[in-house]
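Below, subunit A partners subunit B and then partners subunit C, in two separate complexes.
Here is the complex of A and B:
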């Protein structure tokens, strides 16, 4: 499946799950900031992706259960430490961590969750 | 008032689908305010009945191991209404479920007339989070009312297991 086809299916999924307009769903759009997703929506999105692509998404694979880095001392003075960045790369291999690493403020961590991250994840799942 | 918005299951296929009925009666106090001179079952309570039908379908699938809570209503549309004397039939089909929760597609009919249709999503609370929710009691009360008498597990045994 091409990335364009995957994007179209992801777009449809997000329109249904988040009641957003199709022109709001761009690759760069962040799920929480731009599309207004709340925690429970991530489960909804996972269910719809599974249905749309006819695959199983194991728990925590697309959206990690616990994104709190604080208790692991991976955050210092509101900034994610280099060790924290390494942790993020491991847990969110399909997110644009490079962009975040340039200005690693903890408060921007939700911006890692973009439409493109889902497309990358699905491409990896479907095409290996 | 007891927070039970279905009267009885009329079909229960474990892990697949279920149908429950709700008889609307003028003995229900709220119908006299909703609305004076034009009593109709509030849409919110029809939604609750659909959620109870779907929530028990999901809960039973996991043998009531999880506390099932209504998490999100992605879609619910009302096309008509139900008046005293009507029997609402709630149908719920389990679309998906995981250890985190589940999703049902549901409809409400009076006879052949479609009253409502939509989707309801449920989340499972972890045991420690759900300790304060008296889910077991709720299901137990439901059993007393015999709503599960027509239920059938995947094996054909009555459900939930006695």
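Here is the complex of A and C:
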């Protein structure tokens, strides 16, 4: 499946799950900040992606369960440490961690969850 | 009929309050699946009675404490009927004992059957209800969840737990068109209250402003309301159905 096809399916899924307009769902749009997703929506999005793409998404694989980086070495004074950035790359291999690392404020961590991240994840799942 | 085209799953459905709920939902046109623990005879009799009356009712013997078994029955019901609109978590037991002598088995049996079962079923129905953007979950609490009764620490803990669980889950699912409420019965004429009624019925009635014990239909009527489409703006509530027992009046 091409990335364009994947994007269109992801877009349709997000329109259904979040009741947003189609022009709001751009690759750069953040799920929480731009599209208004709440915690339960992440579950709903996962369920709908499974149905739309007819695949299984193991729990925590697309959206990790715990993003608080509670370990002290990973966050210091509200900033994600280099160790924390490494941890994020492991947990969110399909997110644009480089962009976040340029200004790694913990309060902006939700911006890692973008439409493109889902597209990248699905492309990896479908096409390897 | 109010529940025409709706599907419902009721736990602990073969006897007592659960039986009343199954009958009421079926009479209002819902397709009803109920689960029961052990009394096959009572379950078969109820299915036969309601089927003969032209209703769609099926029974499944399930250990509600067992997550895999619960997942399986929810899957069976949702696949057979295409959706699940209403879940009534009614299964419950009492194992009364003063705490000083309460065995670990008495504690666990009550907590697992009354409370863990609610976790099991609610989690299993979350996905189909979220996909449908519609659901009505009603958990059977008790006045014992808020008021102290000697010998019921296990039961009260399970029912108080249900109240808190109900409020939390209500906030999680509200945006998906799913409401989660609890009904807290007072003294209802069922097998469960038979022992205490035998020794203290007159005394109990004196303390109930309505001057009578409740019947399973009284609880079923409250459940019907919370299970209906019309109750869509009510969620996270614990509705006492007790003839005024807990009002504290004189």
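By definition in this document, the second predicted complex is superposed on the first by the 126 of 128 C-alpha atoms of A that agree within 3 Å, B and C clash if a C-alpha of one lies under 4 Å from a C-alpha of the other, contacts with A are read in each partner's own complex, and residues count from 1 in each chain.
Going forward, a residue touches a chain if its C-beta (ideal position, glycine included) is under 8 Å from a C-beta of that chain, and two chains touch if they have at least 3 such contacts.
Note that this is a predicted model, so its numbers are computed, not measured.
Of the two partner chains placed around the shared chain by superposition, subunit B is the only one that A:59 touches, whereas subunit C remains out of contact. In the superposed three-chain model, the partner touching more residues of subunit A is B, compared with the other of subunit B and subunit C. Judged by the touch definition given at the top, the superposed model places A:124 against neither subunit B nor subunit C.
In the superposition on chain A, no contact is made by A:99 with either subunit B or subunit C. Touch criterion not met for A:76: it reaches neither subunit B nor subunit C.
Residues 40, 43-44, 47, 51 of subunit A are contacted both by subunit B in one complex and by subunit C in the other.
On subunit A, the positions that touch subunit B within their shared complex are 16-17, 19, 40-41, 43-44, 46-47, 50-51, 59.
Contact residues of subunit B toward subunit A in the complex are 71-72, 74, 95-96, 98-101, 103, 121, 123. Residues of subunit C touching subunit A in their complex: 126-127, 130-131, 172-173, 175-176.
On the side of subunit A, the complex with subunit C involves touching residues 38-40, 43-44, 47-48, 51.
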